[in-house]
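Below is a structure I'd like to ask you about.
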């Protein structure tokens, strides 16, 4: 993990924590250079509890989400985090966003991109982000897409987050990452999102279940907690 | 690859060469302990050209296939090869074969099993072998399947060979292994099968195409030739 | 649920508890007539921890499994339970077993059958039982399959258990049953299986996750715990 | 059905009749509150026969479609029908349409939404409407999507119409609704569409075939005619 | 069609009529050489109405089915029909049946095989026959499967019958054959099966619906009635 | 092929050559009327090698691609070729492009359309073109889409090009066209694209592999080289 560059595109303020927080913390701990892009605050689609407060406003919701997400990033050890403050529900899919993503990939030059997987049956924003990030990666890797000062990138690995309801979203596990050593950091990061309290327990238990699966599929007894990702592409390697 | 134990189940005399010869040669070169089980000679289903000779007999076909497969194994560096001489077309799926596979897995204790993938639309034997080997691996890994002197194994990795016509067999590439360094050995091994001459060119070109795919998906320019396998299970790992 | 007849086919001694215990307890509480068939003790495939005891024997494992499963059934309120004591790993798929299943369906005349779903990627026995039970149900419903004294049945509903690793087994949720009111009974039943201790926590958490899904998909806040089943057939009804 | 609110989104003037007319009539008969939104008149894509008349104009086609659809609604007992008069072929997918759908769902607060299923291989408009309605339902159910005077809705059930050619559109039957008692009303409603005469016989026969399927899958002899729908989500219920 | 050899494998006495009767009659009319193999009488699984007669016996059911199927064949113009009188429900899948199929293919040397498609969700016999016929065709085409006096065949085209409930059987239409000219012959043949009266109307309407599909997908107005088949393999041709 | 009208939509300057060049040349040789639409030059996405030249400009790349594609068309015998010079990476999907496609189909009135298949996992432009062309064909075939002077078309056949990496793009072979007689013309046409040198060998080998598949699936020994296409619709025909 040492020296690897990882770029994370999160549709809303907390997605990267629920779905990849343990992996992010682990990579950082082992010397990776991780950047998180929080594309929207999830004001409209992912802040239901905050809207139960009387006289709530968009600005206040954004401020709370910004603070929570920043604190969570800190717990994971993330030093580079950007908030793009795009709208959500629906997520904007115009050319400007696509070009911004492409430019960001050219700037960061990641070895690994983490983002939403291709289908989330109850969250169309996640589908939109996946489509945008994927198309941006293709453009970034194409020499004819000329951006002065930002040379073409080479094909990076891309992995998709686990959606909330996996089976009905046709999610296919491609890679389990053992997060036993960074599990505590993930717990602390999740606890920063007070407005989504019910999700903390949900993703705590999911880490446990994925740990069980990881043990069963690998025969490695030491795997206690895991995160699961879809593979955008087959693995290409020197050995199995 | 050093020290890894690899067990290869090949339905017929040449399958392991066409589909995994480069990977086998590479593993051996780097210190792996590889065993190949040739389950049948493919007398009825995979020796069409030999049957064009006048007065051909089952015994002669078996002898030729035995010699060709042995020579090919030598070219790949395989030291451990077993010929089970089971019938083919159709492949026997009885309890005895299942138990023999289970016992063999207990004896060899592989880190990696290579065998046929779950569907080959023009070769029912390949389907049968896949089903048997998979069930044998489950039994081998189960503590309640008591075989005196042969303790339970732990979950190994299992990968499926590429079938001849991939798309109509629903083959999904899971892992590409770069075989650039062992490509010559594979060529030599393939050339041992004189009765399946047309397949030598076919699998030569396939290694080239898979090399193209491997380069494209990884961004690694050095990958010239590759073999492609299906993943029986998701990957479980410490990092991507 | 009052007056409904439910027939449960469980491949091994504990399957019906992990996968449908809450639903079974709820149906019984509300006046259903539930029969559980434990087809094998799971001596070879589902009793790994018991085989860690020194000098273990098949007879002792069977006795323990019998006692645990009987106690669990009691916790769920099950009065009718049969132990067929078939072999497992591999599961027998001969004509005799098929005919016994057919005959049992004719005798019990269930409105609902619960059994394993069509694919369990790490448990071939579950696949075999599903195939047998389904074929048995087709035969039971066919007038030409004459069994003296046991008239033809009419098409019953059939639902499939959730397997251990759902996504890689292509499990598609068809029906979530709210088990909030019977959750405690399920917990008590699960705790009877001392040799599969790790599964108790696993299925406890799964009931919680499925409760979360059920709430989200229905908008009903009161659903705390749920079990999830595959639909063998589309639903046919008077209204949605 | 008594007291249930049902909201139907029909891409063109006749879709709701061919695909859900029997179910709509039945729900109304039993006291449901049904609203039908005819989103476009289908002037360009679904009025082929009308365009065979000499000197045909868009206005005249719209007038005919409006009258036919209104009469058909009357035959089904529909009291609330809206004609949005959007363009078709292609169907507009801009933000304005999405917001109008969202607002309509907030106003009607349906227990059940009926609309087009996710794929219709020969009708891209149906795909577009499905996508819009689904996204609108997600937004309507999200507290952060603030529409003054129209509070957030809770998750409703959503079902997809059967497309014209089911198998090549990957249509998966999820729920069959028995329409034996409302079949005559559906026939009368279908007969209002003089310009699509060939479809009357088509959907008459389809109701018969679906009745056959419903009987076979349920064992209920009394089901003579049925309509078939896809489930957007798994069923969540107190019992099977 | 002139001079083509067609071999039809029908699991039960009437399957070839419901599913391919129009195509068979058309081929015969145009000079094809068609052989129908009725593998079982369908005594147990496809003769429900006959078993409602008091004191019914297996012998009497067989005799009735034999007569009905023979008459139907006559109506279609079939001169070569064989009744193998195998058991049904369940269908035997032993080596003897496989070898008989293989030998029959070698004898008849068909250009086209018609049989059941790969999945029929409510009829396991159809699955079994498909599997057997397919495996038999592979063996027939393999030079190493030596049958004295019956030389190896070359790859023939194979098409799968439409099952009763297509969508839930994952049936994918591959080829529609226009049967407008032989529709009357099919009607007459279907009317020979008095014990399956409800199916006559069902398959009459299906021919009408498939005719509608055929017209729509081809733009050929003259196609009134059609039968639909799955393609076992992609089409290979000189032109589209 | 004599007298058939074929319309080819190629996303970029060379796609129609790699993927359908042999088929195009064959159709022309046998008297078909073929039009090729090169929708974009592929300046940004398909000209990587050209951008390695120092001081490269968009205009120069376009000029080179135009010349290469024109020469290749000549080698295939194509007389009608249009260059639309649309942007690529990303491909424009606005109403204007859709209407232009629709109008072109009305003008050319093709019996056969060839274009990109529904998914290309590493080329979003191909997906966009497929979607546009398909929607344009639907509109062209709809009488209500009135274009003065251009009467409605009837349903044509549509086939999808093979993408570069087939299995991970879910490409399903529907039709293999034997191109043995036009193979040399295809080779010459491919050699015109100097900037995509690595693709010449790739598609040369692919023609060989597809020839192998075509032989195997048809039993016709004379098929040496082939191209493979996806079927947008099932085949509708007078005979198999």
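A, B, C, D, E and F are the chain letters, set down in written order, and residue numbers restart from 1 in every chain.
Following the convention adopted for this analysis, a residue touches a chain if its C-beta (ideal position, glycine included) is under 8 Å from a C-beta of that chain, and two chains touch if they have at least 3 such contacts.
Please read all numbers here as calculations on a predicted model, not as lab measurements.
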Would you mind naming the chains that touch subunit B and likewise touch subunit C?
-> A, E
Homomeric contact subunit C-subunit E: same or different residue positions, threshold half | different
Listed chain pair D-E, C-D or B-E that repeats interface B-C [over half of contact pairs the same by residue number] = B-E
Relative to subunit A, chain with the most remote C-alpha centre | E
The chain whose C-alpha centroid lies farthest from that of subunit F is chain C
Take the average of all CA coordinates in subunit A, do the same for subunit C, and state the distance between these two points in whole angstrom.
-> 37
Shared-interface residues of subunit B (touching two or more other chains) are 122, 168, 173, 216-217, 233-234
Give the pairs of chains that touch; include all such pairs.
-> A-B, A-C, A-D, A-F, B-C, B-E, B-F, C-D, C-E, D-E, D-F, E-F
Report the residues of subunit C in contact with subunit A in the complex, numbered from low to high.
-> 122, 164-168, 171-173, 198, 201-202, 205-206, 208-209, 212-213, 216-217
Contact footprint of subunit A on subunit F as seen in their complex = 42-48, 50-52, 61, 89-90, 121-124, 168
Taking the complex as given, what residues does subunit E use to touch subunit F?
-> 1, 26-27, 30, 112, 141, 154-157, 159, 173-178, 214, 216-220, 223, 226, 228, 231, 233-240
Note: in the complex, subunit B contacts subunit C through residues 95, 98, 134-135, 138-139, 142-146, 233-234
